[in-house]
Amino acid sequence: MIGIAVIGYGYWGPNLVRNIAEISGARLVSVCDLKMERLASVKARYPAVDITDDFDEVLRDPRVDAIAIATPVSAHFSLAMKAMMAGKHVFVEKPMASTAEEARRMVDEAARRRLVLAVDHTFIHTGAVRKMREIVENGLGEMYYYDSVRVNLGLFQHDVSVIWDLAVHDLSIMDYVLPEKPVAVSATGMSHVMGEPENIAYLTLFFESKLIAHIHVNWLAPVKVRRTLIGGSSKMIVYDDLEPSEKIKVYDKGITLNGNPQKNGEKVYQMLVGYRTGDMYAPQLDMTEALGRELRQFIDCVESSTQPIADGHAGLRVVRILEAATQSLAQRGRVVELEQARRIA
Amino acid sequence: MIGIAVIGYGYWGPNLVRNIAEISGARLVSVCDLKMERLASVKARYPAVDITDDFDEVLRDPRVDAIAIATPVSAHFSLAMKAMMAGKHVFVEKPMASTAEEARRMVDEAARRRLVLAVDHTFIHTGAVRKMREIVENGLGEMYYYDSVRVNLGLFQHDVSVIWDLAVHDLSIMDYVLPEKPVAVSATGMSHVMGEPENIAYLTLFFESKLIAHIHVNWLAPVKVRRTLIGGSSKMIVYDDLEPSEKIKVYDKGITLNGNPQKNGEKVYQMLVGYRTGDMYAPQLDMTEALGRELRQFIDCVESSTQPIADGHAGLRVVRILEAATQSLAQRGRVVELEQARRIA
Amino acid sequence: MIGIAVIGYGYWGPNLVRNIAEISGARLVSVCDLKMERLASVKARYPAVDITDDFDEVLRDPRVDAIAIATPVSAHFSLAMKAMMAGKHVFVEKPMASTAEEARRMVDEAARRRLVLAVDHTFIHTGAVRKMREIVENGLGEMYYYDSVRVNLGLFQHDVSVIWDLAVHDLSIMDYVLPEKPVAVSATGMSHVMGEPENIAYLTLFFESKLIAHIHVNWLAPVKVRRTLIGGSSKMIVYDDLEPSEKIKVYDKGITLNGNPQKNGEKVYQMLVGYRTGDMYAPQLDMTEALGRELRQFIDCVESSTQPIADGHAGLRVVRILEAATQSLAQRGRVVELEQARRIA
Amino acid sequence: MIGIAVIGYGYWGPNLVRNIAEISGARLVSVCDLKMERLASVKARYPAVDITDDFDEVLRDPRVDAIAIATPVSAHFSLAMKAMMAGKHVFVEKPMASTAEEARRMVDEAARRRLVLAVDHTFIHTGAVRKMREIVENGLGEMYYYDSVRVNLGLFQHDVSVIWDLAVHDLSIMDYVLPEKPVAVSATGMSHVMGEPENIAYLTLFFESKLIAHIHVNWLAPVKVRRTLIGGSSKMIVYDDLEPSEKIKVYDKGITLNGNPQKNGEKVYQMLVGYRTGDMYAPQLDMTEALGRELRQFIDCVESSTQPIADGHAGLRVVRILEAATQSLAQRGRVVELEQARRIA
């Protein structure tokens, strides 16, 4: 039985509390938030669970094996480091940290102490994204592009830009689904409200191959869109997260290339690009709640001393791109290389 | 009665021929194409119209007042220049020329000879785009963004990239609808077929204000998308060209900003961003064929010695962006300034 | 402060409990179900609330002013009658009773004892349906038709047909939205599983005017549809309950009739039918939870001794149609008159 | 080479003329219409084709082997009978005739003279409907229902009701796709314009098995819908003719029935109804123009003295249902048996 404490009871914390309280193999020991008034409802619903505004108390509690952190991003690093120094396993919200340097130190600390460090890349535990990875692994032919749109009239985050708030989802999905890691990023965007971070942004990600990825995020869109296109030479995927049931559609479409360009020259080659369209299918998806699956995996990792799919390295890769994209955005799209992140991963 | 000759009878030429043949106030004099076999059907259908593969013959023909050019882009400049030197008014397909330098010389030539030079920016003559301009003119509040997606499994153009083939539509619509002209562009993209131009591209356009524009074009998408979002502080527009009837939707949505940031400091200011959602409406649109309206306007301009909405300057502005985007794309998104185009416009 | 007991803690009961527990002006006194094991979670969450499997105990409890009944339909009548005989106000799930005769006796009992009898026609308290009624009241011209489709792969109800399970929603919405009551019904349908009630059904409702209504319900559809069309001579409404935000669309469309048919004869008259299409708009809707609004209204009615919108008469009108439709269905669409229901209403 | 004359050059005639003019193995001999002015454009486009307003002239013309009739329905019978008496094969618009008696006599005449009698059930020659038949033939398990909606703001036909104008499409598709023929019909509907035929109608069709079919047609709908659901115990189909490419979707969904109802009694049986949902797929469809395929088949039939898929019997079956539905509609849904039609088919 793994004892878990939840730190932070704002937007996401209640989801963690509910799932941990119901999962087998774990025991929700305590919930901690600086605002004690938020915790009254926890006590009412789960009388056996401790509530506190003192993080150190949680650290000292020998019943607590693991700590789940759901605070604002700026606090992730110091809380996670203290937790690991106290010998606790860590499950931390995404993005994992405010800078790649912080994320790197968290990864090192977890490795040194042989602790589980899991990053809450929730989407990769959905049936839709897992199916998408399976389809990509089975092959789309040559990989061409990954294009995602995630826009709506959303709440402004006052401490981080729309990239850290929304693109982080796409980057974590891409990190899980694609067979390659990006090597450079170019980002553009704009802040439309004085004193606020960017509320619209466009990221292009380059890879060593001809694969190209693009992410469009926007807090000020009149309609909600959650759509990803993945294009390969022989198959293409449309992932629409707003579809109630057919979230993943696989198209047997593409181009066919015939001829020998070296020999025939460009003119002839060009005439040999053909188009192919076949059936579409929408696979049945596992509709289990992603967060439940994810916590299940975290608990199993703690018990078996293994690392989860979204480990600290995955979290670091995502933060490295967020950081680079923020740099690029400040320079109107100047490309920023991601070498360091690649080296570590 | 204006006499018109059509040059080029490939993909678009037949539409010009059909519309000119039916329009009042104009007379279709001749149709010219290097491949005479293409013209047999013209003769069968319009016995009174001359067909020829000799452009000089058209230039010498005194019955021809104006020449409509629907050839590949690379021939636009020389054909239009010869036509104007022969005193003919010109209606030329988009993009107007292969380079901004060519476009600039065409503009100069038309001005010097007081000839009408019209560029076939067809979309700006549709009911949907005209309504969109009207709504923008009536005010969306502060202009925030213009975001367009134009993707499908389309025919590769072997001589020009997807930017020159598809983004040209968005740029001509933007040029017509937005109250400002862009000052810089950052573009990324990729060619997935060796020896072929880029088949996927992303353009970000910067303005002097906080307005930002973005265009996504792709020849290898599994689904067809033709959707533009225009965001303002008080209203937003969704233009979906694939909707059979409700192509334009206007959302009474936005954010409200209260407080005095200078005085209260950033913290307080942030709490004063509010959200507002009201009714949506889809205005009834004029469904007249755009090309017919456009040719009507061209003929009126010739008769009254005035310039059309999409004149050579508009065509040049679009080509200038295409050219700059192509430069930026080759450098993975490095921003390219558009000063020269601004100066001329 | 009105004391309320909830009877039946199966599918819908938990929603009643949650809403009553949170509403001001009411006190959740007790929850009763024949299966005590279902009630454990109630006690855990609301320690101050009594749980019991003895309905008589509830009836005797002087703290209980009103009883909310969420049991299977077959028990509604006897429970509601006992409750009223004990002087309790009643809030009962839809359909109100198994037969029109039962419903009529419930109405009489409530009238005799001056008790509030509310039927839980939840949908009429949604922002969408209330807006729809408002639009209809403001006028669609002459009313032409009301057409509703409510299909999906749904759970078979083993005790009632799809008419009693799904069409009851449409009938209660129609009863609230339309200015007229139906006078006759023709229904067809089929049971595809031996021993089970009809799983697909089609109802046509006739009115004294030229208004016609039709309802299509189906438990075995591959896709979920919740769409109602309301047609008038000058405006038409589409109500799509699956749309996340634009549930109600109002079309300024219709036909125009000119000429004098008496004088001109049929031939001439026919040429004078014209078509008119204008703007569409989707009004902003109140997104408050319907059940909360409805219980608020019930409590207000108890306090002020008034009757709610969906009172016993409304419930009876709906049951009368369900009963008549069931008769018609058994005779492959033979029309059944609804005179009695009209007389009472 | 089969010589063909087209009779009637109104709405549909021009499509016949264009297709016949372009098809191999046929020769368009003449086009006949009572209004000679309509035929001027035929002469302009096809100088070698005769135009006339004299049907007898066509009948006497030895170059004419077959006659395609595209006049108003009321003239189909007399024109087709005269044509057959003159030894001409016949291709007649749908519905084939104004009454079942007329249709029957046409069938008899064709049989007696060994002439080809084809009815223009155009939809059954589309890729979508042919694929749908193929899927049904391969098995959907036990057939449950066929449900079709065909509504829009359409032109009033002043001589026939919406059933004869729109439901005729659904009936001809059903006749082709389903393995069974209906045995009875119940129809309801309404005319909302004085002096005009019914503009909205609902048809339920009964079969000897548990299959049930329903058709909803409406000339006064604010939105255009063309959607058919076909449900079976193991698979279900959605056919949406307005989808640009994925017109047919096949759902691997249904219910599973376990247990032995005779033995276990109703209660136990009911608990054994299970639900099953699997993948969906949208097969690639042949996008060839239906009318071209259909005329190709007609010409082949004339050459080989065989009967087409949509022969006179198919046309008669459809007219028989239209007639019975019209009777039922006049009696507010009273069921009308279709025995005679069954006997003939």
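Chains: A, B, C and D, in written order; residue numbering restarts at 1 for each.
Keep this in mind: a residue touches a chain if its C-beta (ideal position, glycine included) is under 8 Å from a C-beta of that chain, and two chains touch if they have at least 3 such contacts.
Chains and their UniProt names: A, B, C, D = Gfo/Idh/MocA family oxidoreductase.
Small disclaimer: the values here were computed from a predicted structure and weren't measured.
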Treat each pair of touching chains as one step and give the shortest count from chain B to chain D. 1
Taking each chain's centre as the mean of its CA atoms, which one is most distant from chain D? A
Per the definition at the top, count C-beta pairs in contact and tell me whether A-C or B-C has more. B-C
Chain B to chain C: how many Å between their CA centres? 53
Round to the nearest whole Å and give the separation of the Cα centres of chain A and chain C. 44
Please report how many Å separate the Cα centroid of chain A from that of chain B, as a whole number. 38
In chain B, which residues are in touch with two or more of the other chains? 277
Within the complex, which stretch of chain A touches chain C? 45, 224, 242, 244
With touch defined as at the start, can you tell me which chain C residues reach chain D in the complex? 142, 144-145, 147, 149, 151, 153, 155-156, 158, 184, 186, 188-196, 200, 202, 204, 206, 210, 212, 214, 216, 218, 220-223, 229, 231, 233, 236-238, 249, 251, 253-255, 257, 261, 266, 269-270, 273, 275, 277, 328, 331-335
Which of the residues in chain C end up touching chain B in this complex? 245-246, 252, 277-284
